[in-house]
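The structures come next, written out as structure tokens.
What follows is a pair of complexes built around subunit A, which joins subunit B in one and subunit C in the other.
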Partner chain A sequence: MKKLSARRRHPLAAVVVLLLALAATGGLYAAFAPADKAQADETAQSLAIDEGKKLYAVGCASCHGTGGQGTSDGPSLVGVGAAAVDFQVGTGRMPAQQPGAQIPKKKVIYSQAEIDQLAAYIASLGAGPAIPTKNQVSPEGADIAAGGELFRTNCAQCHNFTGKGGALTHGKYAPSLEGVDPKHIYEAMQTGPQNMPSFPDTTLSTKNKQDIIAYLDAVNGDDTESPGGLELGGLGPVSEGLFGWVFGLGALIAVAVWVAARTAKAKKS
Partner chain B sequence: MSSQDIPEENLPAAQDADEHAPGTVAVADETNPFADPGLPPHEHRIQDIDERAASRSERTVAFLFTLSMLATAGFIASYVTIPSDKSIYVFPIGHVSAMNFALGLTLGVALFSIGAGAVHWARTLMSDVEIIDERHPIAAEPEVRAKVMADFKQGAKESALGRRKLIRNTMFGALALFPLSGVVLLRDLGPLPGTKLRHTLWSKGKLLVNMNTNEPLRPSDVAVGSLTFAKPEGLEEHDEDFQKEIAKAALMIVRLQPENIKDKQELEWSHEGIVAYSKICTHVGCPISLYEQQTHHVLCPCHQSTFDLSDGARVIFGPAGHALPQLRIGVNDEGYLEALGDFEEPVGPAFWERG
Partner chain C sequence: MSTTTTSDSRSREKAPAGERVADWADGRLGIYSLAKANMRKIFPDHWSFMLGEVCLYSFIVIILTGVYLTLFFHPSMNEVEYHGSYVPLQGQLMSEAFNSTMHISFDVRGGLLIRQIHHWAALIFLAGMFVHMMRVFFTGAFRKPREVNWVFGFLLFVLGMFTGFTGYSLPDDLLSGTGVRFMEGAILSVPIVGTYLSFFLFGGEFPGGDFVARFYSVHVLLLPGIMLGLVVGHLILVFYHKHTQFAGPGKTNNNVVGMPLLPVYMAKAGGFFFLVFGVIAAIAAIAQINPIWGIGPYRPDQVSTGAQPDWYMGFSEGLIRVMPGWEINFWGHTLVLGVFIPLIIFPLVLVAIAVYPFIESWVTGDKREHHILDRPRNVPTRTAFGAAWISWYFVLLVGGGNDLWATHFHLSINSITWFVRIAFFVVPVLVFLATKRICLGLQRRDRDKVLHGRESGIIKRLPHGEFIEVHEPLSQDALHTLTAHEQYKPAEIGPTVDENGVERKVNGPERLRAKLSKGFYGEDNQIPKPTVEEYKEITSGHGHH
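Here is the complex of A and B:
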């Protein structure tokens, strides 16, 4: 109940309430006295679950089972929570196109309203982490330096020290965190998608997660400046050294060869 | 100049008798079957023939040197005038600090112009006539050698080293003892580490403290599939020896479903599926924590050693020689995770005495 009323201020909740309430309960609504807001919300929630169940049956059940119990092709979704659904479907990873070492990020095919319905349905199967609020994922006022320390302790081993991503075993990889919605970063930490371990609130608090998001926003955000220019992927001294040796020294050798190859004689032989 | 053991006819001066007319070719005869083609005739550059071309080259060189002066002035001007936090967009390198870009560009132009000017000067205006420098015997002349030997003998006699034995022997003693000071300093290579490599800060009853929150961990905090790093209770980040101690004591805590744990000892040393492993790779000691929660593999970013955390952290790939040491953990009366002792084996890379 508390979760529901917390979610009622979500901007999309209003849209969901409006659309669904109009479409499905328009007739009944006229017959009864106007219900209070909480009740309308509750109705909207159960409607969202119903709608989500329909979407689930069409798009997800073939791998995850008709009741989310999981099959040999997909894990059980009982208890993964709304946050996992919002991350997996919201980044286009789900529905998966084909099995493989890792399901990549791709075009999102569900609208946010549909994702919320799916999330509501999955959340109704078993308690799990909820979709974070705007405040929880905002980098405003967070401690960037502390975030950097937390990032280097917990995340940098796979995602590189500025979130550029890196390779794992057998074709798996840690994706680049460039341009990822802070909400999705938060949800990934909380739910641990695919082979990424999770960092639940009990071991990495909401404040810690905010700091990490603020750090990523500072070093890898859209407005991040690179004072040195030409950051060569931000991969560090190896790529920079290689570039210096190959292109810097290469250019010097080319100039030396060019100078010596041209004759200064009046009569060209 | 002496030419004691070089036959007169092999001396360069004799060989190049008519070298003053380059381009002449020696003719093969019976004693010398291979003709020496000699040097090709010297060819002039346009600058040697045409005075206007020479002045053009002079102007080019002067222009390059002037450009360098301007670039240096530009370097100083950029340093003084451009604010250090200003950012500009330059294709193709993207957003870059305006000052860094200006300093690099002007410094590069200044140095390059000096080099290019010098090269152009040498190639077009300085003399390019081939010069022959003859080789001479290196030995000193006999009278010089005789004088040196005589001087040495006289010096030895005047020092009276053979007669004043006390001086000689004490000098030898001083010279022989002096290197000992260097030898004594080699002691700094020791002492041997003793048992330091075999022990860490962990001991029975020490709580596992979460490195993110600095709070002791409870079993309920650690979810299946999560990854947490822990340090021993009492070790604080501002401690003087923090780096030294955490480098051995760092822990990686994951929770597996107990039925997924294949190794019997690992299960015994875990608590409800929570296992605590050393975070230090047994190959060369990199912090190792690329944990894949579905495969339970953890790999090292340095040399890709891969350990299976569901099977006693056995090495399944890479150069590491030992499984990761596991810390035996339990829960104390207040419900916090605690160590039940130190690591049973040394953490980190293998060493000579470990066997």
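Here is the complex of A and C:
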């Protein structure tokens, strides 16, 4: 005890005591707190809704309203469905960092389990499209060529021929589809996030969506080969022209300078 | 008997084989006098004089690769189903033109490489012509006697643009099809005759089944034929006029200092051809161009974002993108000014630079021949005009690529469009003024250098404590180069009263010319170059001043 009392005025003593106190209360809480499973006699679904509601209250309610009814800062989420939540939160777009022309995708801050809980809560506010199953988004056995035709008909106007993205009005844009999870592509088509129109099953069937996913996987996926060499962003003649001027003509002028470096001088009289 | 005669003649008069061949050819083609006159022709050397060669060689590369492509391309719009080796298009309906281009790209040996060489060479050909034209412009190489050759070169550039346009439209892909649709829209906007012209060009409603075949003839026969003739004419005139050269010691308006055509220049030029071919082939092997497999076949109901023409047509895209969508409706007719005005400005942009040489020669009234090039700074008004034109062209290119500027620099496409609308009028003026100031500043610097020498960076302390910087006098060569240019006097309106006291009317053009001339060469528009007296006065002092 003497040792202890000798050190009780040590500058770190307060920190140690605080840590001990925290550990004690935390441990006690863990020991005595009602175990969820044992206490709640509800289904897993309603549990997820409850958890989702808590997450919602912390991360989303400031803009979308306490009950998902929407405010001047964010739209109503009643009836947007689980798919919309899975897309928006799963790509990091939500929660939004700041208002702007468009909410960009960024690092995902929720785990998939939390996203599912949030989705369950939002889905409980009103019926909407559900998160697609693995089978629904799988490009296995889909018709790539038909997907290409559908893509050029419905998507290329904004997302470019092979999904490299493009500009919209007033700083908005259609993002590049490179490296986007097939599930998120499916959900985007289903729910029409931000400036995108939605393509419900009545417009593009599940089969159609699978074809489009398969097409994107073929022309803009990780294993896509570029038969002609460097892709130059896949943006068409503008980047090609820039490359031609800088590297094509640039190299030729460098060669010309080199060839002309030695030359004749008039004889000194 | 025959043996004796042959051995006889051989011993007496039979020349070596080479000489006999030469003699045979000379007797029929008159090669000797041609070679005698031209083999020792002198060409001056400067890297910027080789820009024209870059164009010539890339043109040859285009012709060679183009011939290869014609062997496999089917200029037909018949609909076929694709069964080639590119999986994401299998089973799709497309025109035979697109199908055969896919075949060239994936199933013909070397096909894709040749296609890419052809297309890259076309971009570089046009870029080379642009830079070559600017070189000729800024150095004043277009002055008498080379005005006609300037026009030839300009026509080559314009024809090159349209050869390129008809060329990249041939595969009938979704990107180029959008471009052809754009052109059709522009034609339709022409009042009264627009519809008829469009129907005439496409053989009926757009797209019809004819335009690929028609564009094909234009692309491989008509335009290249005219261009080839112009290129030959261009080169003959270069030979006839002899090449210009920069001012320098020993270089006058009456000589050409450089290397003889044979053997030096021929070896250099021959080697340069292969270097150009090599660089273009390397670019084509490294970087993809116009990947039609990703773009897909053309269908009038489809369109993609990022649909721009190749760079040389980009300024027309810019014109149409930034033009407000004005239209006037009257008595059931529509005048689509939003498209028609850009269609009118399109040739004006090009003509603006093409006619400048003639305006300048009218302003100077100079009828002499010029074989010594100007340094751009010594002709501030011309240089400023050229820079302003380039900035104008560039502003339109920005407008043509407004969507990519928006996505890559995180800007609003609307703001860019508004910027271009204003910059279209403002930027050339600002660039004109700034360039002129810079030129005059450089002229002042040259004047200082001639009169006071080069700053040596050596600080000298004089006995009485004063510090001065030692200036080194320039070499005789440098002095010559800096003072070789001539300066025009602004043209005056001549006497308005003749010797009999009869008053003469001064007409509008004469007054305009005097005014322009003052703007070109008047006070504050050029810095008087140092005179011999000034130079002597300063240098006769004791090394410093």
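Throughout what follows, the second predicted complex is superposed on the first by the 214 of 269 C-alpha atoms of A that agree within 3 Å, B and C clash if a C-alpha of one lies under 4 Å from a C-alpha of the other, contacts with A are read in each partner's own complex, and residues count from 1 in each chain.
Basically, a contact is a pair of C-beta atoms (placed from the backbone, for glycine too) under 8 Å apart; a residue touches a chain by one contact, two chains touch by 3 or more.
Just so we're clear, the structure is a prediction, and the values are computed from it rather than from any experiment.
**Student:** Just to be sure I read the superposition right, which of the two partners does A:Gly229 touch: subunit B = first, subunit C = second, or both, or neither?
**Tutor:** A:Gly229 contacts both subunit B and subunit C.
**Student:** I'd like to know which partner A:Ala251 touches here: subunit B for first, subunit C for second, both or neither.
**Tutor:** A:Ala251: touches subunit C, not subunit B.
**Student:** Quick one: classify A:Ser205 as touching subunit B (first), subunit C (second), both or neither.
**Tutor:** So A:Ser205 only meets subunit B here.
**Student:** A:Val238 contacts which: subunit B (first), subunit C (second), both, neither?
**Tutor:** A:Val238: touches subunit C, not subunit B.
**Student:** Compare subunit B and subunit C by how many residues of subunit A each one touches, and report the one with more.
**Tutor:** C
**Student:** Mind sorting out which residues of subunit A both subunit B and subunit C touch, each in its own complex?
**Tutor:** Comparing the two interfaces on subunit A, one with subunit B and one with subunit C, the shared residues are 153, 157-158, 166, 168-169, 174, 226-231, 259, 264-267.
**Student:** Report the residues of subunit A in contact with subunit C in the complex, numbered from low to high.
**Tutor:** So the residues of subunit A touching subunit C come out as 101, 143-149, 152-153, 156-162, 164-171, 173-174, 215, 218-219, 226-232, 234-245, 247-249, 251-253, 255-257, 259-269.
**Student:** Can you list the subunit A residues touching subunit B in their complex?
**Tutor:** My answer: residues 150, 153-154, 157-158, 166, 168-169, 172, 174, 192, 194-200, 202-205, 208, 225-231, 259, 264-267.
**Student:** Along subunit B, where are the residues that touch subunit A in the complex?
**Tutor:** 43-49, 87, 90, 93-97, 100-101, 119, 123-124, 128, 210-213, 217, 220-223, 225-229, 254, 287-295, 297, 299, 301, 304, 306, 317
**Student:** Can you check the complex and tell me which residues of subunit C touch subunit A?
**Tutor:** It comes out as residues 44-51, 53-54, 82, 87-92, 105-106, 112, 116, 120, 123-124, 127-128, 131, 174-175, 248-251, 257-259, 268, 271-272, 275-276, 279-280, 283-291, 293-296, 299, 301-311, 314, 400-404, 406-407, 410-414.
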